[in-house]
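Chain nomenclature is as follows: A, B, C and D, assigned in order of appearance, with residue numbering initiated at 1 for each chain independently.
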Amino acid sequence: MAVIEYIEAIRLAMKEEMERDGSVFVLGEDVGKKGGVFGTTKGLYQQFGEERAIDTPLAESAIAGVAIGAAMVGMRPVAEMQYSDFMFPATNQIISEAAKIRYRSNNDWDCPIVIRAPIGGGIFGGLYHSQCPESVFFGTPGLKIVAPATAYDAKGLLKAAIRDPDPVLFFENKKCYRLISDEVPDEDYIVPIGKANVMREGSDITVIGYSMPLHFAMQAAEELARDEGVEAHILDLRTIQPLDREAILEAAAKTGKVLIIHEDNKTGGVGAEVAAMIAEELLYDLDAPIRRLCGPDIPAMAINPPGEKHFLLNKEKVKSAMLELARY
Amino acid sequence: MAVIEYIEAIRLAMKEEMERDGSVFVLGEDVGKKGGVFGTTKGLYQQFGEERAIDTPLAESAIAGVAIGAAMVGMRPVAEMQYSDFMFPATNQIISEAAKIRYRSNNDWDCPIVIRAPIGGGIFGGLYHSQCPESVFFGTPGLKIVAPATAYDAKGLLKAAIRDPDPVLFFENKKCYRLISDEVPDEDYIVPIGKANVMREGSDITVIGYSMPLHFAMQAAEELARDEGVEAHILDLRTIQPLDREAILEAAAKTGKVLIIHEDNKTGGVGAEVAAMIAEELLYDLDAPIRRLCGPDIPAMAINPPGEKHFLLNKEKVKSAMLELARY
Amino acid sequence: MKQSGSVQQTSRHARLGLSDERVVEMYRMMQLARKYDERGQLLKLAGKVNFHISGITQEPSQVAMAFAMDTTTDWFLPYYRDYGFVLSVGMTVKDLMLALFAKEEDPNSAGRQMPGHFGSKRLRIVTGSSPVTTQVPHATGIALAAKMRGEKSVSIVSFGDGSSNQGDFHEGCNFAGVHKLPVIFVCQNNQYAISVPLSKQTRGNIYERAIGYGFPGIRVDGNDPLEVYRVVKEARERAIAGEGPTLVEIISYRVTGHSTTDNDLDYRTKEEVEPFKQNDPIDGFRNYLVEAGLWSDEQETKLLAEFRAIIDEATQYAERAPFQPAEDSERYVFADSSEVKS
Amino acid sequence: MKQSGSVQQTSRHARLGLSDERVVEMYRMMQLARKYDERGQLLKLAGKVNFHISGITQEPSQVAMAFAMDTTTDWFLPYYRDYGFVLSVGMTVKDLMLALFAKEEDPNSAGRQMPGHFGSKRLRIVTGSSPVTTQVPHATGIALAAKMRGEKSVSIVSFGDGSSNQGDFHEGCNFAGVHKLPVIFVCQNNQYAISVPLSKQTRGNIYERAIGYGFPGIRVDGNDPLEVYRVVKEARERAIAGEGPTLVEIISYRVTGHSTTDNDLDYRTKEEVEPFKQNDPIDGFRNYLVEAGLWSDEQETKLLAEFRAIIDEATQYAERAPFQPAEDSERYVFADSSEVKS
């Protein structure tokens, strides 16, 4: 086991899958010779050649559409959207095509593509290099959506996504790329899609979330345990579609006090569904209203530091919401 | 006051606004000479000429993008997407552009467009002529989204949308077009965006929804009142973004038993946000778990009659959910 | 599709490498498509089905493009009017009828999709949807896969004139151009996108758009199926030889309404349509065969009787066939066993 | 922009209708853009700002296109490298610096957007975003509005070579072609889209794409700003005369990395870049002025001093200026008073 960066975990997953299976290839803007604008595909071009690490024209609908075509005849494309902010031109290909190919053909055809896209802010990327597009694709049946928070999960989920028989959106957090490192086995493994993970056991409050903000919750939980004697139970959804209903209900029931966190805007976000699920099934087990701490309902985060900070969650914001809930 | 069809209310709203304001025009596929594939724009071409009832090339991103450009310099375009299923090619223009123009320019520029799109099934339209795309756009700050259920609201909300200084998605229900008729004043009026409407007063259960399924709820409510003595309180959201928080909480508090209905898939739909809102604010006023009755989580409805029926809500399905809740 | 039979050096089809049998078979497919299509219209009129969309007068060129391809290696991405195309690559009238009646046995979608939304992996017909032009990048992606795997396979994709104005046309063509992929883009230009005439759709020539992508674009008269055959065959040869894509614009005219829900007299006149109805390319092709000594009135009578029987039987079969059970409409959102292959 | 001054019949600029003063002013704008740009790079190196994106060597053609337009009637949709363009239509170095430092007083976005995301209603510069090519249909829509209102106004929009491969390019151009709208589409072809060279972006000639939309497409050497001026001016005249759009492809070469976060030696060599650096079009234009007797070394020295002072002052001002307060980042999601106008 080695401690590696989140971005390296993603890179390794692609490299290993490309070694394992000749039908796996990557395509996208600048993913070839340059190795990606973040360096996520570094070395693939050199190792596998320009035919399997394809620098595409600047056209996201084609990136998705070409990947879909190739997938339908048996390839396993991993398409990169340079920033998730730039995947909207591909929406029609993703929602009308990828998501519906199996269904509309009554299982005759399938579409095993992976679409990777970096989400989230905190890199002074401003309005169009920081967004979380989850709520746009969440709620479209036929799509699986994963959003790992750790290097371990990133590698295991990306491998699972590449091997999955259905289309998977892989939302990697660009702030996690170099900030998050953890232990990743040297051997081949996958993290199953659709399974949440208890990151921390606790009995006072439950925090449910995905991606970067969970790290704030983990830090806050340590401080709250130390300073306030509050033990937080933290559930990482990992897969946001399909949601791990069982794990969510179990985690909520465990403490009866639920805080849901994500960076995507609050209204219409994944957190709304998680809350609705709990409100539908566990109402009488709750000891406090279901709280959500999310990005504000503004179009995107400003690039200026006060604006960015105002938008983003951080340890302090999460901690005070957790404490408030514990004291409720 | 005359009783008119829902589709006629929409047509009249456009006609009257075009008469009132020379900067209002309509554009879209087949909206001119043919008057729209549903007939919604009938007569506008004849009355206002081909320059104000523009038959566009088959290109939704251009329809939205051209409308946005014109709106930025002071026009009031009403763009039609022939079916809401076909608005996805315009997603980038809607989410990246229309929704963010005011915000990104710090209020220097604005984008007063209306995008009309017919939603919903029940016309044997199959997978791609029946969808409800609300969840895709819901949760994108900067967009207003309305979805009227009655002719009165359709006319008043479309007029309000056309006069609104910001982009409005106007989701008209194609099943309502000819099925729903109600009284509409001859005089000019608007229905304010952002205000829900109590369709029926009741004290036993609360039904919250929008668009076509509300008519099932109204019919079911009459039968339940007559046969079971159950009085349903029915709230028509009318505007789904921004949601009328106050009205939702008031309606939920009124009976303590909430059923949310919509035709869009359950997971990630508007109903999730409504449930989450209630769970966040009103937990202790509830006498039953918050229930949602929505389209199943399948990509879209089949065209064959059993498949379509299976997908859609109807009076019976809504009624039994209402009764179950009343008896809870 | 292997060619056989005696080659008559003087005839046009022989010069194109088409045997007498093949060219007669082409005619059969055109007529079969036509007769199916006419029945579809009748069934809608009779209220037996909810919807039908016609390819009338476009069949000869559709058949010709199919005959220029290899059904054992190539991939087909037809659009909703392509009855002539799909029948030529192996779909049966019964299959089409099952789709028209939206029955479970429909191989295209088990009656989930509208008729005209073709798909059959067995026949190498790629599943299609309603939003237009999305299939263009798919065809490019399939050609990319063929190139990556070193397969001698060509993908061919149809779409309308209106659809050529979508972004996906541009992006799909351009991508194929960059990589010199084995794909043939066929625009079936029937002069209308529902009610919108060509003059309101574009001021350019669609075939000339290929210039901007660096590959050949060719305009061909859809009423001359042998010429369509030649053009598509040459495009296929170029593709196989690694010379990249071709854009083919087939000129026709939509003589029916857009679909059975469209009243075309809302936006055009009978007078405009009539000459095109008169100049039916199926008649033209039959005349060619008759002149070549390959077809006779008796054969025609026999053929029509044969097709009537086929279509009658298919109609009855499809009408009686069961729908997919309601519960099954929830199947296949994802793979049944969503386990990861390893 | 009115022209004045004595016309020297023999000089190129005079033949184009450019006065000596105007042509000197063009030079000033090129240099101002260059000097601002160089300072931007330095400020990033010094860690004072987070990001800068360069237009170096593209300024002369940007200035030329702006000078061919009318700042009182036309609409401008520049892209992120268009410093030469926006300075020429009235934006100041101080405005640019305020954007670079993301300060509240930035007229483009109050420091919300990245630098290079221009917008100022006062200056008729239409607010832009990061996703490329979305502005192309906007320019078409603005031209449509001009046509509907009978205004003598032309919109001009810039985008890169890579961006010309987006669907929105196709759709926006085609729509404008159909309606013969007064819009000029300018592709600033600098041979790269970040790391992707032109050869991997398209096999066609970008300017020839106009053929497919039925309007003229013209390729012009970006190192020859007077020729760019001529081409854009003629395009504007055609637009005003109701003759429709023009696509102009300006050939340049991106000598810097894509932005300050890009190391271009990851994908190209110094040797490839060097000749283009040497062949700086600003030098070329200065030589032209010197030969025409309009410019001297002293003037140059003075100009550089003047610009240094302007840029120094703007930098200091912007550095000290306040950010938009955090709470205000929630403003302007919708109109402040979202009341309906009636």
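By definition in this document, contacts are C-beta pairs under 8 Å (C-beta built on N, C-alpha and C of every residue); 3 or more make two chains touch, one makes a residue touch a chain.
Worth saying up front: this structure is predicted, and the values here are computed from it rather than measured.
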> Where the centre means the average of the CA atoms, what chain is farthest from chain A?
Replying inline: C
> Between B-C and B-D, which chain pair is linked by more C-beta pairs in contact?
Replying inline: B-D
> So what's the Cα centroid distance for chain A and chain D, whole Å?
Replying inline: 37
> So how far apart, in whole Å, are chain A and chain C when each is placed at the average of its C-alpha atoms?
Replying inline: 41
> If you look at chain C, which of its residues touch at least two other chains?
Replying inline: 112-113, 117, 129, 131, 165-168, 170-171, 174, 178, 200-202, 324, 333
> Multi-chain contacts in chain B: which residues touch at least two other chains?
Replying inline: 56-57, 59, 61-62, 85, 88-89, 92, 96, 100, 103-104, 127-128, 141-142, 297-299
> Of all residues in chain C, which touch chain D in the complex?
Replying inline: 165-171, 174, 177-178, 180, 199-206, 208-209, 211-215, 244
> chain D touches which residues of chain B in the complex?
Replying inline: 25, 51-52, 56-57, 59, 61-62, 64-75, 77, 89, 92-93, 96-97, 100-110, 141-142, 144, 160, 163-166, 190, 192-194
> Can you list the chain A residues touching chain D in their complex?
Replying inline: 29-30, 32-35, 37, 55-62, 85-86, 88-89, 124-129, 296-299, 301-307, 309-311
> Contact residues on chain A for chain B in the complex?
Replying inline: 61, 85, 88-89, 91-92, 95-96, 99-100, 103-104, 127-128, 135-142, 241-243, 264-265, 267-273, 275-276, 278-284, 286, 288-292, 297-300
>> Show me the residue ranges of chain C that touch chain A in the complex, using the header's touch definition.
In response: 75, 107-110, 112-113, 117, 119-121, 126-127, 129, 131, 134, 136-146, 148, 155, 167-168, 170-172, 174-175, 178, 324, 331-336, 338, 340-342
